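Presented sequentially are two complexes of subunit A, the first with subunit B as partner and the second with subunit C.
For the complex of A and B:
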């Protein structure tokens, strides 16, 4: 052993290392108990309202919970096997993936474009207010409004009819290939205002020096944007991405209202699929298994985002 | 000192006495928020009989079902509540928490208020567990003005039905109004065509003995697709079915007779509304009609409460049924009172003239777990009524049906 370290240990032994350690442990114990007392109400609430229901849901997904009787016989993986063999689950999963990608890509692109456009435009406040306006409407109201825009005799078909000089009666919300893109468009229309505002705030908070320095060094606008603005804006962009991903996973209202007459409404997303199983078919245990799968996917995506967040933080520092 | 004490005693005694003679409040839980006003009208009328009825509606059917299921599972079933007939009632009765209502039905039938046959719709295994909140017959409503203009009469057989439809189409109008509105209407024409072509298969379909890709079902889809090919149906994508009838987008409208009130409200002149029962296809003899019954059920605890049973007796009484009929336009099967509208009256007369076998709607007959997925398939067919879709729809329906019944057999 290193003689210096040996000496230190001998010294500590003389002054009572064990005693110091015990005292430190007692102090930490006291602090922990005090903290626990302060945290108790929150812990109690989180346990009662979040952890226990989640655990119960996981348990339910392994049972054959029966209507009325509530019989919870253990069924192993049966509900999960049933899930994979359901003719609707694959479509619901595929559409959810599409929603997650689309709800990140389109609002972000549109929001960023609008934010850059309005940043220095005269009278920007008016434009920003108009674009943000759909955000303050309830999704159900937006859904009803757009349902009629997309109706066979609706505004969109009438406009297309005038443009093509031919009667157009496309059932935007009835065709398998069109229904999801049509509802996504409504979602983008409603959500890009918020993304724009968040990005405008991010842009306003950017330090001026690196931008001015780049310009003085002769960088072109695109180069400034690509190599300076975008990296500096990364934390805001990441926050927007996280919000958009969660919105993509949890979107329900628009699909419920706008897809009401689409025959395969349950395939529009995993959330709608789960709702149908639980509340229309009363297959509670099966719906619980669906919820566990959704939860698992969201957790995995959130974990990836956390890793990404740490990387972006390091990059910005 | 004595006088205030006496006064207090008198007041207390008065309060206790008034509470003793006042009936306890009875709550009617339901998911019929759209009928809150007519239900309240019945509650107001019941007050004169010393009944205190409180209407407790739930905003939507899913929330309501969950509430009832949770209540039953925890042994706290409400005393009085509305439910659904058919498979849903069977499941609820199987919990053993519903009270049989034999004695009440005996009274209802003894004085001729209710015809024999109605009780069966509200029974499980021959035992009645409910009284009607509503009893609706599925009939064809038609615009008399168009019929008069084209010199048509309501069809009395299958061939006449075809002729009537062809004549209307030839005159440039759409014979039948049918949409997928609200996602549940897809079964309407399927159930009717199956009943008219093969009543045995209609029954077999709902107990798992007939497959959804059987020849009987195949034949129905073939007739249905043929009617679509002839252009006899309106655009299924419309979300304004009632208004479409008022606008003349379809001349005949196959629906429950409860739609009469909605048509009146939408501005259709009810004196121009005619009704007929869809005729049978050749080879099917027994006249039949599809009925829809909404039940009011009583829990065992409720049956032991005299106030609940008094409320229920008032509901099926002439006064109760009359008030409900006037306020809502609904018929509950009580024939001692005037029908709530001319259409119901005409249907009653026709049924009194010829004995019709009553069949529960497909929606109530099919197992609850299959309802939504199956009806979605019917809707899919209506939106694209070609041979490819038909084949695909039948295959998927049968795969769902087979999976359900095999799982049920196992359990």
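For the complex of A and C:
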């Protein structure tokens, strides 16, 4: 072929390709402008009221902002140093760690037990609804209810009194040693239902074949559970664990309602500590630093979840 | 040995090892359900007692009559300033949840069914709203609302609740829209329908189930929220119902536990009713 002609053809092809690309780009641009019109209100609200505040909070945590006049000069890591050396922060951190452990351990074991018990039981819809019911209520309302359950003359003491046939007048929410376990019990009562329902959904979605095969081979119920059900349930379990960790880590309402009489209420959890420092002591920058610490941990846990979820999904498949 | 017997069992097609009888399990479940309901029964007994009767009788004793209930409701309603708070929360939950679900559906439509650059990035931007803990919003929103004069206004609270309820429905509705067949889009486009008609007339009616499920979840969440109301709307005129309950609890010195518990029941009644009536939609909301 004539080399000159070949060159022309290549040139033509290139122009054609460029035209196609340009047309495609124009189409994508049109689509994008259209898409933006659909997304604009949501984007505007989310950016203005959620995402910008997060950035502002991070900036605030590096300043000296005290009161409304605002002394917003840059302070570097000073708030974080102050946070680290505050004994209240240590208390809040320890308490929050306790909350995280408890809010994973108890709802998960109880929820799993309930899920296994209620699975394939006649009338299970009713049982499920009853266990799930507290979850519908606001933590604030639950806190008010249980405040009187735990009162010195309340329901719990009366029942204990009947068991031991001695008058019991413990103020469950007024004793330093008892207040956290008592509130955790309320939390478990409220959150078991969700864990149970999620696990039941996971159980219902399990493939039947491996379970049947194991039973055919004469595996005992416990063996089936330990070696087949549990591994297959791993993705659901992981999701529930992460949900529980996050719920326990940011717990606020119950503590704020039920722990209000505790003399050092700000030591109850990180979220309570942050709220107290901001809205009752007006040390805004310091509280913003606390919020950043909470956010950092939450982001880290979420990131860990995406990592683990991929691994667990591969393991099951 | 274990292997041998199991093989034999298999060979002889014996039934699997006997499970404990069914009624044992049912009894166990019944006991647990009753245990779970114990705090409720205590509350239900307490709201039928007068303040004097509550103080004098043991918590789990039956009330003498049912008449004190009306007095308790009246006291809780008036002292707890509940009429205004109920109105406020109804407004926030209805406006916030419906607007959020609608705007989320609009945003989810192009994210699920159009082709444009960095589509996933735009999705992540919207979804980022669920990742951060509420504690990171509180202080900036407090200052921002003060600056924009939205503090303690109904408008401000509605805006906030709408914004905070958008990201989760975007995730859910995008998933559902991706599963709808693309052929209906093409057919409608051939008939000359605009994108908006397509979205409004064809996509939305197909999403009624998931939309009502996420609406219920968001409605309940807004109704149950106390934190944002206590920071951004803590005036008697704009308080949400749960915040009003908290304030009432803080000042309960004048009124007895029976009245506080009545207030808690009244405040929870709307969402409880929703749950009882629409239990299946709630559970569908969890499935997504």
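Note that the second predicted complex is superposed on the first by the 266 of 317 C-alpha atoms of A that agree within 3 Å, B and C clash if a C-alpha of one lies under 4 Å from a C-alpha of the other, contacts with A are read in each partner's own complex, and residues count from 1 in each chain.
The rule is short, and it goes like this: a contact is a pair of C-beta atoms (placed from the backbone, for glycine too) under 8 Å apart; a residue touches a chain by one contact, two chains touch by 3 or more.
Quick caveat: nothing in here was measured; it's all calculated off a predicted structure.
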Between subunit B (first) and subunit C (second), which does A:87 come into contact with in this model arrangement: first, second, both, or neither? first
After lining up the shared chain so the two structures overlap, which partner does A:216 touch, if you call subunit B first and subunit C second: first, second, both or neither? second
Looking at A:9, would you say it contacts subunit B, subunit C, both, or neither? Reply first, second, both or neither. neither
Figure out whether A:279 sits in contact with subunit B (first) or subunit C (second), or with both, or with neither. both
Identify the partner contact of A:152: answer first if only subunit B is touched, second if only subunit C is, both if each is, neither if none is. first
Between subunit B (first) and subunit C (second), which does A:174 come into contact with in this model arrangement: first, second, both, or neither? first
Could you look at A:140 and tell me whether it touches subunit B, subunit C, both or neither (first, second, both, neither)? second
I want to verify the contact counts: of subunit B and subunit C, which reaches more residues of subunit A? C
Please report the subunit A residues shared by its interface with subunit B and its interface with subunit C. 147, 151, 260, 279
Help me check something: in the complex, which residues belonging to subunit B touch subunit A? 62, 65-66, 69, 72-73, 91-92, 94-95, 180-183, 186, 235, 237-239, 368-369, 371-373, 376-377, 379-380, 383, 396, 399-400, 411
Would you tell me which residues of subunit A are touching subunit B in their complex? 64, 67-70, 87-88, 147, 151-152, 169, 171, 174, 260-261, 263-266, 276, 279-283
Contact set on subunit C toward subunit A in their complex: 5-7, 9-10, 16-17, 19, 22, 25-26, 28-29, 32-33, 36-40, 42-43, 46, 55, 58-60, 103-104, 106-107, 109-111, 114-117, 119, 122, 125-126, 128-129, 131-144, 159-160, 162-164, 166-167, 170, 195, 199, 220, 223-227, 231, 242-243, 245-246, 249-250, 257, 260-261, 263-265, 267-268, 271-272, 275, 279, 282-283, 286-287
Where on subunit A does subunit C make contact in their complex? 28, 31-32, 34-35, 38-39, 41-43, 45-54, 56-57, 60, 114, 117-118, 121-123, 126-127, 129-131, 133-134, 136-141, 144-149, 151, 153-155, 158-159, 189, 194, 197-198, 201, 215-221, 246, 249-250, 252-253, 256-257, 260, 270-271, 274-275, 278-279, 284, 287-288, 290-292, 294-295, 298-299, 302
